[in-house]
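Chain lettering (A, B, C, D, E and F) follows the sequence in which the chains are written, and residue indices restart at 1 in each chain.
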């Protein structure tokens, strides 16, 4: 498994502007990628845009960590909740789950008030996560989802403290991607995710 | 992977009566099971009842082929369709998908008119599948799901003929169960799927 | 009106395992029933499974107390609420209402924390009911439903104390069954609830 | 049972203007009614407005034939359909079912193209009903509803020809009203259907 | 712009009875109107019935303040809330938004407890509005709507105090009506809003 | 009114990849814009992404032609339909309408099979539009929306031929933007559309 880092885009994605900018940067990265061949793409921006475009672009399965975490969470309890970073991203996550087809059993998306870059403070993050998790529980969540790739690793500790399964989207997406590859399945070319039409496109002028 | 066969129940499940009878028989089989330990349970009755009860009963992950196929199908196209056996089971499948939280992106559930036991005639099954698949396509399906465990194996041939990914629920469920086990995740005990309360229960009087 | 008692099954139904076990036992009871003929079947397990299977099996109208209470409650206020026993059964009731087609106007399903067998303590039950009813009111309920057949009889007292109509599912189901019989209506055989197909079935091996 | 005829309003209701005019006329009729006391009100305009206002006004149960037919139809099959008069009224009926909380299991509302006053031609009505019923069947209806009080009486003949239960709203509403009266239930005064506030109101100037 | 006052009807509309009475009175007013010609109709009863009937009756665009405020609010934030008069009208407003097709992004409809005629006390109204607005905010509203024509004028003050855009339905409806007129658009005659059929109708007997 | 042309991006937008690329290019254009000040932004890519990001970025109202057309269409009939270019864009448009909060009354989104650049052939476009419109009508549309900015101008001719109001999104969006400006309303900064956080971002490396 190889992690790719965006060549351009925002330093972290918090809000729609960042998300759309990242989406274009991810697409640009993949279309110009010249490394070893790969079997699947995992998109690691929780609640962020772009997965449908990547599905058009590449010939291998594409799994976004938002939908991946939700798919597994649905198997573990009747309702799940998402605990994420800033309140402003909650709506974006709700939209992403809805369009992925897994919004029905989402009881709540709750912000911790922490920005992506604040997550490096482990103690503060854990405390904020536990407080937000409590609110998700009251809203009916029986399973929780880590609502940011930067929270990966937290699932074990908070899971034990909460007495609940906690799903990390990155781990979930890797497993789902492996599952699709193992079953010989990839994105349908019929309808929505046909290959992009041949045409002129330019990808930014490079300003800061 | 070990396949267990029901000790009692219907010889095949087609309709609600059969489905509820099977659900009780599956629960009875698992509660009295004394074989080697296992890591997960895969339930192989497409559109059939029981998964929530099994989640209460056992301590390992439980994945039903109906939901499993739908979860993977959601990753492969914007809308999926299910092709199943008798028309009478379509409603049951729709209900099962809805409650599993993955009904939103289901474009159609279409019957082939074949009973479970008719599926042994491969040629007839394939022809009926292709005809039903056409109707699912017209309703917007970009991915198809085999709507009966007895169709397993058909995915490759019909997938090629249709030019669409076709998901087999059994394969999907095994992969999802392995994914959950690999991630150390199991059913939440908070809320819906708490352990069954200790009480007197009897499991049938054994009549035909 | 004759009350039938299950020959096998759980001593009370609390959760999905119990519910599926009961569903099979109800079906077995009815298929082997040899008493006087009857005009309709009322199913008295609130939120429990089985009604569709019974509709397939018998030729007379079948009314489940969950749906019955909700149908009448919809006529009495813009939103209704259900007050039931353990929290763990709330989800099952929500699913049952949704599939019966009457979930839209349900404002809340609230548990009292009492098990079915605790309901024999009338004073405690009433106090717990009133507290839960308050929460249903805050969620928008204008009418309440007794969420367990074991609560039957409570409707008058709590109704007066709350100043709200309170619907007992058993009474509601009997009236609806009589209504269908009076109008000469019974279950449609077209589509979902066709007669069960002739096949081999066995109904349990009788273990405790 | 006493039938009341509107003192003013349209000679038949076909469309929203007629429906709102009828709603006011029904309210005026009931507020000025001075006949013998009554136990319940049945409103016989299929898909027409007014039921919530009548619930505010009178102290007895109020049942509208639209919702009544749908409530009983839900007990007879997994999906029901409505066959009505002019196409222009279909939307109004859909809205009425949705707000009554029973829209979920409605597969289709189909017009026959006949106006209310055309229904006196029995043969033509039956033929048009059967053709529309076929379309409802294709949309998934397993039970049918007569979508106009003027169709009452048709249920037996068309039911036999179609091999489906057919629900007449007038009969259904009478049974449901009797059920509520028998159970001692009436409209909730909490929230939506509180008594109308005391204030000056005038009820038309009587022009043609 | 000319304001028309009802010749008959309730002195203020609070609840369904008043709303249906107003709907008929509005229709009567417009059908007998003999003043200068007009380009559009704005209906100024928030949450009240009648708009579909007026669309059938007149040949110019018809905009109701409820839907108008919601349409503009959707453009200003991801979720909006409505602050209205009495709690009893909240349900009616929810229904009106739902049928207008703009209910999805409504986070809450909250009552202030004030009757329409209480709104003349500006200070009390503002205080009640701010308290209710707080609850709408907690439910997720990012934009607010004045839920009564009698609140017009309040949008600026409360908007500044709350730091949120506040939409007045009257202003919104006028702008939307002008927009439709400017674009040469008017109500479709196909389907739902065809012209009322020619028939005998009488419009009230004029009693108090 | 000034039209801005993207400095980079796809030559036309057909599918998700193009849409995400355009969204980033629109954001880049606006953040680097140094022309005269403006009162509102109209986004002219039908069904395309980006509107929420632009709402974060600028301080004036932002209206996207997709939502704008739907908002006005809701005022003109009970259900509307969209006729667009390639089938592959239909899903994207459905998603866009759903998230804008106006998906409920959309009866259908139908493709003409024409690419954006094919629209220069007026006769072919009109014929394809009329054929697709017929299908939208059958699905219940009473009003139509031009599903591409490149169709602007077609509304009058096809409207007359179809006997239906046809809404052009560009005209609609301009009117709605003017309405918001005239009412002194702009995007809420509370919750979803707060200003983008200050951080390092780079906007492409400029490759073809």
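The rule is short, and it goes like this: a contact is a pair of C-beta atoms (placed from the backbone, for glycine too) under 8 Å apart; a residue touches a chain by one contact, two chains touch by 3 or more.
Protein identities per chain, from UniProt: A, B, C, D, E, F = Asp/Glu/Hydantoin racemase.
Just so we're clear, the structure is a prediction, and the values are computed from it rather than from any experiment.
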| item | value |
| --- | --- |
| Same-residue or different-residue interface between subunit E (Asp/Glu/Hydantoin racemase) and subunit F (Asp/Glu/Hydantoin racemase), half as cut-off | same |
| Rotation angle (°) superposing Cα atoms of subunit C (Asp/Glu/Hydantoin racemase) on subunit E (Asp/Glu/Hydantoin racemase), nearest 5 | 120 |
| Mean-CA-position distance for subunit D (Asp/Glu/Hydantoin racemase) and subunit A (Asp/Glu/Hydantoin racemase) (Å) | 49 |
| Whole-Å gap between the CA centroids of subunit B (Asp/Glu/Hydantoin racemase) and subunit F (Asp/Glu/Hydantoin racemase) | 41 |
| Intercentroid distance (Cα basis), subunit F (Asp/Glu/Hydantoin racemase) paired with subunit A (Asp/Glu/Hydantoin racemase), Å | 27 |
| Residues of subunit D (Asp/Glu/Hydantoin racemase) touching at least two other chains | 52, 78-79, 91, 98, 191-193 |
| In the complex, subunit D (Asp/Glu/Hydantoin racemase) residues that touch subunit E (Asp/Glu/Hydantoin racemase) | 7-12, 14-21, 23-25, 27-28, 32, 49-50, 52-57, 87-88, 91-92, 95, 98-99, 115, 191-194, 196-197, 199-208 |
| Complex contact set, residues of subunit C (Asp/Glu/Hydantoin racemase) against subunit D (Asp/Glu/Hydantoin racemase) | 52, 61-63, 67, 71-72, 74-79, 98, 100-105, 137, 140, 142-143, 156, 163-165, 167-168, 171-172, 175-176, 178-180, 182-193 |
